[in-house]
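Sharing a structure here in structure tokens format.
Residue numbering begins at 1 within each chain, and the chains themselves are lettered A, B, C, D, E and F in the order written.
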Amino acid sequence: MTLIDLANPTRFLAFTARLLPWLVAATAILLAVGLYQSAMAPDDYQQGATVKIMFIHVPNAWLSMFVWGVMSLAALGTLVWRHPLADVAAKAAAPLGAAFTFLALVTGSLWGRPMWGTYWEWDARLTSVLILFLMYLGLIALWRSVEDPSRAARAAAVLTLVGAINLPIIKFSVDWWNTLHQPASVMRMGGSTLDRAFLIPLLVMAVAFSLLFLTLHLAAMRNEILRRRVRAMQMIHVAQAGQRAG
Amino acid sequence: MSALSALIRRDIRIALRVGGGALIGVFFFLTVVVLMPFAIGPDLALLARLGPAILWLGALLASLLTLDRLFTADHDDGSLDLITMSRTPLELSCAAKALAHWLAAGLPLVIATPVLGLLLNLDASATAAIALTLLAGTPALTFIGMIGAALAVTLHRGGLLLAVLVLPLSIPVLIFGVAASEAAITEPLSFGAPFSILCALSLFGLIVGPFAAAASLRHGLD
Amino acid sequence: MSLGPYATFIAASYLVVLVVVVLLIAWIAIDYRSQRRRLNELETEGVTRRSGRQTTEL
Amino acid sequence: MRLSGRGVRCVRGGREVFAGLDFEANAGEALAVVGPNGSGKTSLLRLIAGVLAPAGGSITLERGDDELTLPEQSHYLGHRDALKPALSVSENLAFWRDFLGGAPSNLAESLATVELDHAARLPAAYLSAGQRRRLSIARLLTVQRPVWLLDEPTNALDTAGQKLFASVMSEHLSRGGLIIAATHTPLGVTSRTLRVGDGL
Amino acid sequence: MSALSALIRRDIRIALRVGGGALIGVFFFLTVVVLMPFAIGPDLALLARLGPAILWLGALLASLLTLDRLFTADHDDGSLDLITMSRTPLELSCAAKALAHWLAAGLPLVIATPVLGLLLNLDASATAAIALTLLAGTPALTFIGMIGAALAVTLHRGGLLLAVLVLPLSIPVLIFGVAASEAAITEPLSFGAPFSILCALSLFGLIVGPFAAAASLRHGLD
Amino acid sequence: MRLSGRGVRCVRGGREVFAGLDFEANAGEALAVVGPNGSGKTSLLRLIAGVLAPAGGSITLERGDDELTLPEQSHYLGHRDALKPALSVSENLAFWRDFLGGAPSNLAESLATVELDHAARLPAAYLSAGQRRRLSIARLLTVQRPVWLLDEPTNALDTAGQKLFASVMSEHLSRGGLIIAATHTPLGVTSRTLRVGDGL
């Protein structure tokens, strides 16, 4: 099966129907392994047991940015190839991205309290993640507030791409901001190179969460395709009623 | 009565549907607050001190941004003609529209204040005080702003001066709102005085606003 | 496995992640059910999707 | 019931549009206001509707409801159709019914009369020009008002729609209603003609 | 060329005649600045230190306030259809409209800055520096905000949603604007770096804004 | 010059309005698009004008100016009249002349043709419905475009105005222009008829 074939929604539905069970199984196994390993991981000599938060915080933080990347690719698909499946991919990804960003924020805060003594700091990275979260919410609001999905898709695509250009700028400018006002003081942990004892559980969890995203994304895309079919059929229903009346 | 409730329900429904009204107002509020540290710097003590002003400015802006089309939208599509002709007194219709606007755009701001207070490092009592002053003061913003919104209908033939004359009326609200919130934080005993002035301003707006708006609408149609 | 003095924070963060992930899964599953149901309803009402559409259309 | 104007004078934007205009219409009668573009037909309707104030003369409704003013007893159908694009067709109509105080139940019926029942759940933003006009007409049917002030009501209506509207009007007249309509085309019901702006 | 200048002249003329634009923006700017001393208290040194931040925040919010009808007004009366159909590339027309908006609403803010600087107890050189950064930075705000204004047409809804969508994008401008102004006051030598980044951001906005706006307008008409 | 459409399909708001529509019009010909309300006349004009994208089929202009797209060679006259109330009549017209690239001098002339010369300095907000329509028509005269896309152009025009517009149209046709007009009333010039929406 080629990529072109997959672009056909019906084939996409059939293909993902076969793929999803395997994905679910793989995700579940990897998550179980990751959780076990992180439970078994030793305490850090500086952070003690709180280092365990890292195993969920970092994958979520990575995913929060990765999902925006996925949406940007989909946005290109929408604008350049005008492909409805790209719209679907972008729309399905937005709530997932928002959820991962939310988790990065919450787990980070919960980690920050024991480490820094405060839940929230107007620090560079934290603030840029908060802005990312706001942008996800704005994007979801945009998707929800337009009736016609293909119109919404194009508007959202423009915004996603503009936002994607902006993300590195935020990150980069935020360094300037920080050096001007206060010296960088965060995101340190027992040395910059991670010990293998932490690295391996972290990587396993990262892969597990990525698989989780992939699974949820494909499932959400299927839902979205079905939703559009329902919508199209309702429209036809309305038209047929009109025909009978007129 | 049922006419007014129909009007309120319609306006709220439009607000919620068009651009997500309430939620978006809150987003906007949130974004303004998030912007502050970027301008001021991540100095938590300073942020806490500026907190009331930031929250009040955000609230003012969030209400202003949507208020200017309160009547012009209805004028442009002809609804206002029918509203004027109807059996409901125009003053009541104006008040109903303002109330709907406050419910859809002002109240959510009050409700969102606690979350924003957290971000600005305000303690619980300060946050509560600010929320209280916003609850008492945002109706004044809406009802005074309504006069400007009504003038905007009259003025589409020029003469923006009047609209600008109305804006200054909202400054006292802002000043007493901030003053009351700060009093609540620094010297709780003197909270009462500015707060009661704020309430008085709101009452004043509640009465004057609908009459002034209706008067200017009556003369503004053509 | 002892979690030290900050056990609540660790437990809370794992819990939050668990809750959000479960909510996501539940939302997607429920959404799937309801779309399927509405599709079936429409089909039993005799509404058909138009044939001869372009392959890229949904 | 009798609607009459005596020596009505209209000034808009500082210029006199017409002056010394006399007219009258009785219950069951339609009055077609005709005249060239810019002669003041719309202005006259808006004077009667009370959204403009006359610069002179008087407009009175005799033997109407004494508790109510003339505008409160009138329907005004203008170029701008008072529809909110964000609301659905039936929501729009329901709002005007509730706000103007119509009977609660006849919503679907009037939508059916103007042949918009199949579109009841569409947002008004999706309507074509003629469909919008039909929806405005549904408002006249949903709420009872003795006086109808219509500004080029058949604009944008297709031939079937014009016929339909003619029957709606004659039904209104036969129930003792009163119609004043500005128009450039034949109105579709028997009517007397009031000519404005010939002096200009 | 003459098509673009006609567009610019028209938009400026409407802004000046119908009003709102320039005056309301400046007025809001003034309100923000006047309010700050109330919030901060009579600490002149602190006020001067926060000066750049306050002025920049005011300018950011003031440009937002008037931007949301940039395209919807033209859409509602059908002008946008004709503009899209014309022989002038839509990107250029968008840029011309944004330029006109900046001339009518952004430039007055820059001109008003010296007066407001006085109120905030800033010395002459600091005021000049802030005015300069505003001059370099407000075009970026307008051109980025333009994207939101164009999305408003697609979405059939104006106001807050766009502000929310676009506000995060303007954060870098705010950061470097404030940084450059503060550098000019405290350590004049390091003024150049943030200032040139600010100019770069404006240039960047100048390019991306019209393209993004035109893209979303093309798909947004119906 | 020949404007033709093959198998044009239009989808709006997710609903198919029409499909498989074929039409053609040659230089010097007028095509009247007729059909019931909501059948897609306006949509078709907007497809041709390029402000809507077709969901299928193609619309081409042969033997036109090869450098320019079809929309760039067209005038569109819709329900919304692209006038700014704050600007005067002549300022409005002058703007469109400059923006669309018309010849510099013929402004007063086209205002005189539509009989608006006496109102040239009034703000457009002061115009009556028919006067606004006349001002829109003046735009067609001020800037030369071979293809005219007209959406119910005679709406709101008085009888004299309709005659005047008929002569304007036949003048345009005789110079080799091409007109596509959606209408519910006779167009006033000899035209072929394209019927949309009968299938629905």
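Just so it is clear, contacts are C-beta pairs under 8 Å (C-beta built on N, C-alpha and C of every residue); 3 or more make two chains touch, one makes a residue touch a chain.
Everything numeric here is computed off the predicted structure, so don't read it as measured data.
Note on connectivity: the fewest steps through touching chains from subunit C to subunit E is 2.
Across the two candidate interfaces, A-B and E-F, the one carrying more C-beta contacts is E-F. Interface of subunit B with subunit E: the two copies contact each other largely through the same residue positions, with over half of all numbers used appearing on both sides. Of all chains, the one whose Cα centroid sits at the greatest distance from that of subunit D is A. With centres taken as mean Cα positions, subunit E sits 23 Å from subunit B. We define each chain's centre as the mean of its Cα atoms; on that basis subunit B and subunit D are separated by 37 Å. For the pair subunit A and subunit D, the distance between mean C-alpha positions equals 55 Å.
Here the spacing of subunit A and subunit F, counted between their Cα centres, is 48 Å.
Chain contacts: subunit A has residues 131, 134, 138, 141, 145, 147, 177, 180, 232, 238-239, 242, 246 touching two or more partner chains. Counting partners per residue, subunit C has 50 as the residues that reach two or more other chains.
Under the contact definition stated at the top, the residues of subunit E that touch 2 or more other chains are 17-18, 76, 155-157, 161, 164, 168, 171, 175, 222. By the touch criterion stated above, subunit B contacts subunit D in their complex at residues 2-3, 5-7, 9-10, 13-14, 17-18, 76-79, 81-88, 157, 221-222. The part of subunit A that touches subunit B in the complex is made up of residues 119-123, 127, 130-131, 134, 137-138, 141, 144-145, 177-178, 180-182.
The touching residues of subunit A, when paired with subunit E in their complex, are 79, 131, 134-135, 138-139, 141-142, 145-146, 151-152, 154-155, 158-159, 161-163, 165-166, 169-170, 173-174, 176-177, 180. In the complex of the two chains, the subunit B residues touching subunit A come out as 17-20, 23-24, 27, 30-31, 34, 37-38, 41-44, 47, 118-119, 121.
Residues 18-21, 24-25, 27-28, 31-32, 35-36, 38-41, 49-50, 52-54, 56-57, 60-62, 64-66, 68-69, 76, 155-156, 158-161, 163-164, 167, 170-171, 174-175, 178-179, 182 of subunit B are the ones that touch subunit E when the two sit in their complex.
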